[in-house]
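In the two complexes that follow, subunit A is the common piece, with subunit B as its partner first and subunit C second.
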Partner chain A sequence: MGKFILRVNMSDLSIKKERVSEKYRVLGGRALTSTVVADEVNPTCHPLGPNNKLVFAPGIITGTNAPSSGRLSVGAKSPLTGGIKEANAGGLPAQKLARLGIHAIIVEGEPQEKGKFYVLSLAKDTAVLEEAGELTGKGMYETNELVWKKYGDGVGIIGIGPAGEMLMTNAGVSCNDPENGPGRYAGRGGLGAVMGSKGLKAIVIEQKGPGEVQIANPELFKQGQQKLTQGLLSHAVTAQALPTFGTAVLVNILNEAGGLPTRNFSSGRFAGAGKISGEVINEWAKTRGGKVGHPCHPGCVIRCSNVVNKPDGSYRVAPVEYESAWALGANCEIDDLDDVAELNRICNDVGLDTIEAGCTLGVAMEGGVIPFGDGKRAIGILKEVGYGTPVGRIIGNGTAFTAKAFGVTRVPVVKGQAMPAYEPRAVKGIGVTYATSTMGADHTAGYTVATEILSVGGKADPLATAEKGALAKAFQTSTIFIDATGYCLFIAFAVLDLPDALQGMMDTVNGVLGTNYTLEDMGRLGSEWLKLERSFNEAAGFTKQDDRLPEFMYYEKLPPHNNVYDVSDELLDSVHNG
Partner chain B sequence: MIVYLYGKFREKVPGYTVEDDCVLQVDTGPEETIASIMERLKILPGEVAHIFLNHQYSTPSRKVRAGDRLAIFPVEMAVLYRQYFAKYEE
Partner chain C sequence: MGKFILRVNMSDLSIKKERVSEKYRVLGGRALTSTVVADEVNPTCHPLGPNNKLVFAPGIITGTNAPSSGRLSVGAKSPLTGGIKEANAGGLPAQKLARLGIHAIIVEGEPQEKGKFYVLSLAKDTAVLEEAGELTGKGMYETNELVWKKYGDGVGIIGIGPAGEMLMTNAGVSCNDPENGPGRYAGRGGLGAVMGSKGLKAIVIEQKGPGEVQIANPELFKQGQQKLTQGLLSHAVTAQALPTFGTAVLVNILNEAGGLPTRNFSSGRFAGAGKISGEVINEWAKTRGGKVGHPCHPGCVIRCSNVVNKPDGSYRVAPVEYESAWALGANCEIDDLDDVAELNRICNDVGLDTIEAGCTLGVAMEGGVIPFGDGKRAIGILKEVGYGTPVGRIIGNGTAFTAKAFGVTRVPVVKGQAMPAYEPRAVKGIGVTYATSTMGADHTAGYTVATEILSVGGKADPLATAEKGALAKAFQTSTIFIDATGYCLFIAFAVLDLPDALQGMMDTVNGVLGTNYTLEDMGRLGSEWLKLERSFNEAAGFTKQDDRLPEFMYYEKLPPHNNVYDVSDELLDSVHNG
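Let's turn to the complex of A and B:
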């Protein structure tokens, strides 16, 4: 069985199976979603109208037995930023799609009957659109439970909660984890609202076993798979830190760095950081019976996910990641991890991106809607998103929208998207990424691969080199390459330090595709794909003035370093034009 | 000076909890460095992932003074996009 593309037209409810062109054959993940969007979507279209398209694509490696390679990319024109968007997630769906031979799903058009929702049911050789029926209006926990009851335990689910159904621009796309929790989100950029605008409540994927993933050079693939696995299992970050503490280990670290955004980005330190840290999550796993070292998809050897239980030992949510603990905790001055975990659960249920939700609550608190630090009232207004009340609809439309609604001028967004958990005034390099990413403020857009690997800037700190712009671009090009493979971005920690692991990654890509890509090709291809995304954004109306951090960061000093953001506009402009 | 300890280094402070700050008050002599403080606390260089002196990402060679704030993270907590941090040396 060869790979194919499924084209799902929601206007006439037709499904077509299309062959994969050579141009698309060598693409996967973000490279494929962005190429399809650039090829088929008018950059000036309304993101929630009939002319936007929603694309789902497993990575190049996804579906094989390569470690930590189960990512699903989701792409479209973003209703939050107005530009091109890709968000990706782990969970069950990506591997199952790949093993059914599905290279991508392109969802287009819009339903003739507004407010009517459908489920796309996929299995070997079948694809059917069914009315969503009782799933309509349901939160993601109940949705997933009902889907497993109807379609069988273990099916993959891609879905949206009420926020997506109500077309709120902070709506994310949920993927279910191995226990059927909805917490693996392609969260950023409002792609859940695009899915809602298509009238698609969920995609259900029935698939078991290794499937029929094509590998052009099995021997090379196997060598690469072994090298990368060995690297991941020997590196301190991927073998020890992430499985032990999860990503929330960063709470205490960034707090000590003075770079943990606190109280709506007005300080880099949070007095209550220790109470919402990965160390506490680790401790609770022992005392409450939750879990650390939890894999978000089968075959992940990093296992950075966790399960956080209630005080009585019952399940509350999975996972609580660093970004979520920070956004719903420090940024709102909430230091009760139970409240933070409950806010996280609401996001997962209603269908919201936790970063955007936490930043939104931060500006709402600054606007006087509720006090900073009041976890219980934060839970109350976040629940309103799911009810669709006027306040809920404001909150559900994200940080910039909420700031306008409540007259707040400290608005931590770039291109309309809220900033993640690294304060640019304290961590200036990541500020370059936030400013110049095609995605809006996005920490994952500039994840680093070693400077020496890409022969840019040497081994020194990037902000101490004369090639800062080129280095920032190198980060972005290497990141988009990893996003295309379907590997979890956290493999970069091992790839960063271990040449064999890097070669292993390249060998698996070449093994699957039958290509002879070199490390230079990694930079070249990444650069081409970034250019494609930039071109889309330019056609959508973005200029270099959009590659800037919010104004307040240029004049408000951030404690404890008391720095402003002083990276020049010229440097920011040089990232993509140098 | 005050030393903040994280991860397994917390065990050097009797009665520690993971939710609260785990701190040691340490007297500093002349020419004292982060490395010499670590040696006094029986922390081996290979056990350490990240060091922050007064919130600056630092090497063990930096001198320390009374009133400084030093934070030490073990290898088991080595998650950081460290390329983004300027590393301060003496």
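Let's turn to the complex of A and C:
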């Protein structure tokens, strides 16, 4: 029957198959989830109440054999920011959904019985809601094991851990990877709590083979697919740095630049950076086993993921990303990579976003709850989240919440969401993205770091403020387009530098959709979709005052450059109104 | 030297005496604190950071012998609502400040050493900052005892308990009453946390006698004072109901009207209402000792306060107000007045607003933390606030915070502040005030209940929506004027019904200031000051979406009337823009 939308109503446990309108047909990923949320969700509703909706959508080209294209987009009104939210993840589920012909899943309502959980089980031509039973209350590792045992090896699993079940606003949505670990998270913004509020413990997807993906112009698609693959396999970042060291290759780079937030954003340089870097992960893969160059889904040619083992060579966690190594490491002054990896594993199990969790531990440490640098006690307190103890409830609700609980005023959040691993006072452009993104502080919303630190897509002095509005706008616009395609954002390293790779990406999109989008259309569509997200946020009550960095960054000087954040409010306001 | 402003800088521990400008000379109370906050505080600052300011001001006529005129206004940016905040209280301090010639105290900066506390000691011609020493960490009962011991009987004490020291956003500012109890609270909006962030444990005021209050036109003042006194002593509410039963006379009245919020705002009627009513307080005063008809400051002719003793006749707490009896009683389904009184005492000691505390316990009960109706366990958990345990940190940060911690979506707050003791679905006009007040949900910002339930100042059907915008606007406008004068808001019962009493109030104001304000000026000034407060809130990022009741009230029907809240957004938006 071609593509369809599944509408799952948790109030009456009904499931409807709906035709895809022409408006929605040409959308995918973030463009689709955000459009559905904007069309169907009252912006002032309680994000954990019956009137929010949770939307899942594979990208436009997801399910095809285009390289690195297996992203799943998850959207809703965020209980963390109060605004529109999209987070996306790799792993197995997106490709399987696309190959079942599922254009999107819209979950609405709330279960009659609070605290009761269900599993949505999907296979060719079937979609069933089953009681979650023994899965309820389980961590994601055990959940994945039980699901594979019951539904068979290799099924795709979208799920939430105890944090999501308990409606904690730092709960993420887990996707399993080919090793069945729960490490691929649509982590940000508390979407796991929205899933919890719907009473949905997991979505299980049984699907094998190439499935029913339709390609309007196979010739053009194939041509694009080859160009893009070639680009990804030739660019230094996507072909060498990422498969060799993973994203944590950035630890030493950002530390050198004085932009690695340390000790709850009170310094830009961490003495222990070298010990938690991608270089160590690479070395451990050789000495302990584990892996680097691990793909998070079949068909990824970048393969930036990794598996980090314990000292005895047994499996600990996959992956340890740069953001996680930083958040749970440098930001907490923890320089023991084993402790960092264990914290990462707990996040994966309980169902937490690692960025938010690391920033939360940072403010808890500043509030005197546990000492900075104490990895063992950090592990202890993070485990409490899964138990739902009072301190666990605090930590599980994120950085701003924990800061308020313990009277901490150095709070590294924008729109309530914790900052990622780039200090705005040392990398000014990323601060513009943090401030003006529809998502709250989010490096993946417009990664100016590529240009400011990695000299990809041009060069820009990270400490300069001039032109950073235009830079952030350009990155935000192209990012939302990539987020719509279902490609991994990391293809941007290649497409920014290699015109052929960029054209290849557009060819695959046009090939699938039968459209004739040009590069100008990419900018136009990106702007339109951002505008749609911003309109939702405005209707939810956001103003330009929400497009600001936290006050302390404007008056506290950050070592080693000893800068404050000096991008003007006028520049910030011009980004989306220029 | 006449009146002056004290500027206390906690960063360098300096105190400056400043001349009162002509602009400020004619302001007092809320009009003055809000104007100073609007003039000096950046609306986007962190409310607990160095850039917020805490302002204390007696009213225009405070310190004179006008009846019931001893209110102290406290203002700042609120850590609970994020907007401008004024809360006022009776008790001894305001009159003493006024009689020392202090027009206002502005506290700014923050102490170099976090967690270090000071006492501001004031007497004729002296103002000194002293280290708080042994007072640090003490509850307000012990704090008051120690201060009276050190500084002498009868000094005025403004102070914070452990909740304020720990920067909890439900911390209030205590004023002592003539019995030296800490029961008179400028409770709302977390101003105690602002005081805590300034490192100020207490302000001690040594002052005796009539002091230096200046009256420009003594003749006019005296005439007004007599008219108003006569009115207060003749109106049924101020002369009979309040001195006999205290404010808790309202328990049975609101229960009868179906507007007594019960079990976390899930019903408007409480089976146990009769057991926690003003009638029982009155009876206990006879059988156990204690008091009714107790004035909270010298010169009050209404004397609505009370002292509620333990079963053995020993002192427990003063006062138990309607709001407290409801919040800690009906809203938690607790029908044992001894438990309610003990909860009230804990609030007074730890330094919490009783309304916010009761609503917080209500959502904690709904979240399954403790059972509804269990007074003993409520006492246990409320004590944790003072100890700063994790669950205490949650409860101490108020209703919205606690709801988030425990995943509760029935959250009775506006602008982050908990609702008082009148159900908007049963008393529609007060809902308009809750929604549109600059203060968050606050019955004292525009008490339409007077007309809707008590038939004072006219009559209005509480269940009707028509005209409720105009009613709320009129009440909000006259209220801010009364809050500027330093009169207790309860004079409104008399001045709304008795033209002579109203004229008497205006005569006393004109008498003190040497102005010629008419009744029209009252409306004009009230509107101007409200506009000033709204401008601050807008600059802090508030929009019309903040002028709404919580979503659940729009779709959950409230027994016994089985109504939802059906005042339109258009009506709400018209209140301050009509």
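What to note about this one:
Quick note on the criterion: the second predicted complex is superposed on the first by the 556 of 578 C-alpha atoms of A that agree within 3 Å, B and C clash if a C-alpha of one lies under 4 Å from a C-alpha of the other, contacts with A are read in each partner's own complex, and residues count from 1 in each chain.
Following the convention adopted for this analysis, contacts are C-beta pairs under 8 Å (C-beta built on N, C-alpha and C of every residue); 3 or more make two chains touch, one makes a residue touch a chain.
No experiment lies behind these values; they were computed from the predicted model shown.
Residue contacts after overlaying the shared chain place A:A57 against neither subunit B nor subunit C.
Of the two partner chains placed around the shared chain by superposition, neither subunit B nor subunit C is touched by A:A474.
Within the superposed three-chain model, A:F245 lies in touch with subunit B and out of touch with subunit C [touch as defined at top].
Contact with neither subunit B nor subunit C is seen for A:V74 once the two complexes are overlaid on the shared chain. By the document's definition of touching, of the two partners only subunit C reaches A:M166; subunit B does not. Contacts of A:H46 after superposition on the shared chain: subunit C is touched, whereas subunit B is not. When both complexes are overlaid on chain A, the residue A:V307 reaches neither subunit B nor subunit C.
Of the two partner chains, subunit B is the only one that A:G258 touches; subunit C does not reach it.
Of all residues in subunit B, those touching subunit A in their complex are 4, 6-7, 18-21, 49-50, 52, 54-55, 57, 71, 73, 75-81, 83-87. Across the complex, subunit A meets subunit B through its residues 236-237, 240-242, 244-245, 247, 249-250, 252-253, 256-258, 268-269, 274-275, 277-280, 282-283, 422, 426-430, 443, 447-448, 450-451, 461-464, 475, 493, 560-561.
Those residues of subunit C that touch subunit A in the complex are listed here as 43-46, 48-49, 51, 166-169, 193, 196-197, 389-391, 393-394, 397, 401, 404-407, 409, 411, 539-543, 545-546, 548, 550-552.
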